[in-house]
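The two complexes that follow have chain A in common; it is paired with chain B in the first and with chain C in the second.
So, the complex of A and B:
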C-alpha cells in the first residue's frame, strides 16, 4: 500500500495514456478479433459463425488479387525505394560545393512533407493523357499518342511504385547522408594516401558504413508494405482497381462501403498475422546478422 | 588535389544527373503554383505552364469563398493545433513516468506501450470505426483529435531526451519538497526543448496530412478536413466535370492553400527531422 501511495502521482499521470491505449488500441484489437468470428448485423444479435468469415475471405478470388498487388507494389517500393535513396546519397556526397548540396537536399525532401492527397493529385494531373506534363514531354520527344498511365494495366503498378519512391526518396536519402557525414574523415584520408580512387572509397568505406542505416530503413519499409492505404485509395480508379487495390483498400471497401464488417475484420486479422510473422522474421534475420 | 580526367567527367555527369532529379521534383510544384495563379481560361489550355499565364487570383477567390474551402481549412487547423498540443503533453507525461527508477510495474508499462507500436491503425480500422460510433464520435472533430493523441513512438523519443537530464537534479528538488508534477513541468519540459520541438513538428505534419481517420470518422461535409475537401476537389472531379466552378486554377489553388502551413514550418522541420527519426529508429 505504501508503494502505491508513494508513486500515486506518477500512476495518476499515466492513467489518461493507458486509458487511450486500452480504448483505442487494445479494445479494438479484441473487438475486431471477436467480430471476425461473428456474423455482422447492424441491428439484432450477432451469432458466432466460427471460421466462416475467414473462409469467405480465402475463397474470394479478389482477395488473391489484392494480396498479389500488395506484394508486387510493396516489393517494388521495397527495392526501388531502397536503392534510389542510397544511390542519391552517394552521388550527393560526391558534390564538392556545399551550397549546391544543401539546395538539392532541401528540394528532394519536400514531397515527403506533403499528404498523399496532394502528391497523388499532382501525379494524376501530371500523368493525365490530355495536357499532363509527362505526356506533353513524351509527345515532344516523338511519342505519337499520349499514354494513359493511370488507366492501363501495364503502367498502373509502376506508377504506384515510382510515385511512392519519388515521394520518400529525399527523406530516406537524408537519413543515409546523415550517416555518411558521421564517418570519420581520417579513414578517407588514409585510404587516399594509400592511393585509393573515388570508387574504391565508396565501395570500401562509405557503403559498409551505411550498413546499420540500411537495416533500419529496410525494417521501416517492410513494416509499411502491408499497411499501405492512403496512396492507393487516392490514386486508384475503377479502370485499374483490379491491378492496384491493396489489402487495406479491400478491408475498407468490404467493411465500410459494403458493411460486411465480419469479412473485413477477418481480412485485417490475416494481415495482422502476416505483419507479425514478417516483423519476427526481419528481427531474426537482423539479430542473426549482428 | 590532382584530379584525373575521368574523375572530372564523372563530376560533370553527376551534377547534370542531380540537376535532372531536382528538376523532376520542382516541376510538378511549379506547375501547380503557376496554374493556380493563372486565369480560369488560361489554366484550362493544354500546354506546360511553369509561370502564371494571364496572372490572376480568381482561382483562390473561387476556392476560398464560393467553394468554402475556408471551412475545412479551419477544421484542419483546429484538429492540428489542439491535437498536436495534446499529443506532445501526453507523450511527455508518459515519457516522464517511464524514466522514474524503481517505479513498480514499469516493465509492464513499457512493454504494453511497445506492443501498441506493432499494431498498425490501418489494420484495426473497422473496430476503430465501431468504437468511435459507440462513443458517439462519428462526424465530430473530437474523433480526429483523439485518434493518435499519444503514440508509442513519441513516448520513446521523448524518453530518450528525458534520460539525458541528470536524475540527481530531480532528486534534490524532491528533497526540497517539490512534487512530481512540478518537477516535470518546471525542470524536465524546459530541459528537453529539442525533443519537444521534434515531436511537435512530426505531429504537426502528420496531423495536417491525416487522411484515413478523417475518411473513416467524418461524413458530414461541414466537418470535412482539408485533406477530405481536397480529395473531393482535385481527385473526385476532373477537367470534364460539369461543375463550372472547377477550372484547373481553382483546383490547383486548393493544393497551394494546403501546402502553405507545411512550407511555413519547413525550415524548422529540416533541423529536427533527421535527429528525431534516428533516435526513434535506434530505440526500436
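So, the complex of A and C:
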C-alpha cells in the first residue's frame, strides 16, 4: 500500500493507458466470451445455451478443413518465414559495399510497408496465366503452357506460404541484422587468427549470437499463425477456397456473412485457446526464459 | 498542498475529463432522437423523424449525404438521419444493431432479410403493403420474391433489381456475319469465331470468346440443361442442380472451350472488375453480367469515342430441354423495419414516398441544385450529377408512371425485357456458403479439364451429402 501511495503519480499516469486497454481490448474480449455461450440475435434477448456454439464448431467438418489449412499454411510460413530472413541477413552481412547493402535492405523491407490489398494484387497479377510476368518467364524458358498458380490445388498453399514469407522477410531480416552488427568484432578477429574460414565464422559465432533474436521471432510468428486473415481473404478465389481458407476466414463467414455471431465467437475463442497452448509449448521447447 | 499532491490532482482531473468527455459526446447524440413517433415536443409543431442505415441509398460522399437528408426533409417534411458507411456495410450494420443502435429503416439484401426474419427482429409489413396505393403498382409476381413460406412480407423493394445474362459484342457478330446464338453448339461456333477470326481487327490473336467471374455467372449456360443455380426444393428435398448428372454435358462444354483457349484462362480467378475490363478493352467477345451493365458498357465506350462501333447487347442463354430459358435475377434490396424502431409509421410513410416520382428522382438523379436543375420543366444534369451517373441508390425502379428523364442507356431496355421474362431469384438457405465451396472446387476442376466432369459431379454430390448440405 505504501508503494502505491509513494508512486501514486506514476500509477495515475498509467491510468489512461489502462482504461484504453480495458475499454477497447478486455471489455470486448469479455463480451465476446459471453456471446460465445449465447444464442445470438441482433435485437432482443440472447439466451445462454451453454457449450452449444462450441459443439457446433467442433462438430462442423468445415472447421477441420480450415484448421488443417491453417496448420499447413501457418506451419509453412513459420518455417520458410523463419529460415529465409536468417539466410538473407547472413548474406547481407557479407556485402562489403555499404550503399549497395542499404539499397538491398530497403528493397526487401518495402513489401512489409504495404497492405495485403496491394501485395495480394501484385502477386495475383504476376502469377496470372494471361500475361503474368512469372508465366511469361516460364514460357520463355520453354514451358509449353502457362501454369494456373492461383487456381490450382497443387500450387495454392505454396503461393500463400511464399508470398507471406516474402512480404515479411525484409522486416525480420532487419531484426537479425541488428543482432549481427552488435556482435563483438574481436570474436571474429580472434577466430580468423585461429584459422577459421567464413563458414566456420557464421556457424560458430554469428548463428549462436542470433539465438535470442531467433527465439523472439519464432515466438511472435507462432502467435500469429492461427490469426492470419488479410492475405487469404485477398488472394483466395472460388477455385482454391477449399484449400486455403483458414480459421479466421471461417469466423468471418459465420459471423459477418451468416450473422451467426455465437458460432463465430466460439470459433475465435478456440483460436485463442489454441494460440495460448502453442505459444506455451513453444516457450517450453525453445527455453524462452533461459 | 505540496508539489507532488498538486501534480497528482492535475493528472487525476485530466484523466477524469478525458473519460467524461468521451461519454458526453455519446449522450449528446442519443439525446437528439426523441422516443415518440410524431416527435412532438411540448407546443412545437410535430416534426417527424427517421433514422436510416443504408448501403447504397444516399450521397456519394458524406457531404452529399447531408444534402440528401436535407432534400428528403424539404420534400417530405421528415427529418432524416442517414448512416451510409463508405465500406464493409454488413460488418458495420451488425456492429451498430447488436450494440443497441436503433434504426427505423434498414436497407438490406433479401438474403440478409431472411436471416433477420429467422432471428425474429423484423416488423411484418404485409398489411401495409397490401393497403398501400403506391406499392400496389408493383406487379404481384414481383412480391413473390420477398414473401416468406407463410405468405408474409417483411421488406419493401428499395429499387428494381435486375439480373445477369450473356452479354455479347453485337458489332463483332455483325462483322463476322454471325447470328446471336441460341443453343450451346451455336454459342460454341460464335465464341470460337471470336477467338480465331480476329474480330477486333488488330491482326493479333489476342481475343477470347468468353470470360466469366468464376462459377458465379454461368447460369446463362446451365440453362441449356435446365438447371437453376444454388438450391431448388423438390418436395421437401434440398437439391443443388449444378451437382447433378444433368450438369455434366455443360461442364464438358466448358472444358472443351477452355482447352481450345476460347474461354479466358483467368476465368476461375477473375473478379467481376477484371472481366469487365477484358470486355471493354476488346479482349473478349462475351461476358455474363448484369443487364444494367449493357448500358454502362455502351456508354463507357461512347464517352471515350463518340464514333465507336462498340455495341454490347444482352441475349438470352440457350433454352433447356423443355424450351425454358433460365436466367439469374439478383437478390432484391429491400427496406425493412426492425422491431425496435422508434418511428415505424414514419418509416412506412417514407417507403411509400420512395416509390413516388419525387422519391425516384432523388434516388436516381439526386439532389436538385446539386446533381440536376429543372429549367422550363426540362431536367439538366450538373457536372456533379454527370459524375454521379444518375444513381443515388435507385438506378432502376418499379413505378412505370415515372419515366427516366434522360431515358435508359443504350441496350438496357432490351436487356431488362429479357431479364423480366426469363430470370428468377435463387433459393439461398443457410449453409450455402459451405456448399458453394464444394461446388466451386469440383466444378472448376471439371471446367478446366483437371477432372472428368462425371467424376467431379459425383464427388461434389458425395461431399455435399456427407456434409448434410443436400438431401
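Simple rule for what comes next: the second predicted complex is superposed on the first by the 266 of 290 C-alpha atoms of A that agree within 3 Å, B and C clash if a C-alpha of one lies under 4 Å from a C-alpha of the other, contacts with A are read in each partner's own complex, and residues count from 1 in each chain.
As a working rule, contacts are C-beta pairs under 8 Å (C-beta built on N, C-alpha and C of every residue); 3 or more make two chains touch, one makes a residue touch a chain.
Quick caveat: nothing in here was measured; it's all calculated off a predicted structure.
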item	value
Partners on chain A (chain B, chain C) - clash or fit	clash
Partner chain(s) touched by A:242 [first = chain B, second = chain C, both, neither]	second
First, second, both or neither for A:256, with chain B first and chain C second	both
Which superposed partner A:62 touches (first chain B, second chain C, both, neither)	second
Chain B versus chain C as contact partner of A:130, first or second or both or neither	both
Touching partner for A:122 - first (chain B), second (chain C), both, neither	first
Chain B versus chain C, judged by how many residues of chain A each one touches	B
Which of chain B and chain C A:13 touches, first, second, both or neither	both
Stretch of chain C, among 26-34, 44-52, 80-88 or 368-376, that runs into chain B once the two complexes are superposed	80-88
Residues of chain A contacting chain B in one complex and chain C in the other	9, 13, 16, 124, 128, 130, 255-256, 261
Residue numbers on chain B that touch chain A, as the complex places them	7, 10-11, 14-15, 17-18, 21-22, 24-29, 31-32, 45-48, 90, 93-94, 96-97, 100, 103-104, 109, 112-113, 116, 118-131, 146-147, 149-150, 155, 179-181, 184, 205, 208-209, 211-212, 215-216, 227, 230-231, 234-235, 239, 251, 255, 258-259, 262, 266, 269-270, 273-274, 277-278, 281-282, 284
Chain A to chain B touching residues, read off their complex	3, 7, 9-11, 13-14, 16-18, 20-21, 23-29, 31-32, 35, 88, 91-92, 94-96, 100, 103-104, 106-111, 113-118, 120-126, 128, 130-131, 133, 136-137, 166, 170-171, 174-175, 178, 197-198, 216, 219-220, 223, 226-227, 229-230, 233-234, 248, 251-252, 255-256, 261, 264-265, 268-269, 271-272, 275-276, 279
Residues of chain C defined as touching chain A within the complex	4, 7-8, 11-12, 15, 18-19, 90-91, 94, 97-98, 112, 115-116, 119-121, 214-216, 264-266, 268-269, 338-340, 430, 433-434, 436-438, 440-441, 444, 448, 450, 466-467
Contact footprint of chain C on chain A as seen in their complex	8-9, 12-13, 15-16, 19, 40-44, 61-62, 124, 128-130, 146, 148, 150-152, 237-239, 241-242, 245, 253, 255-259, 261
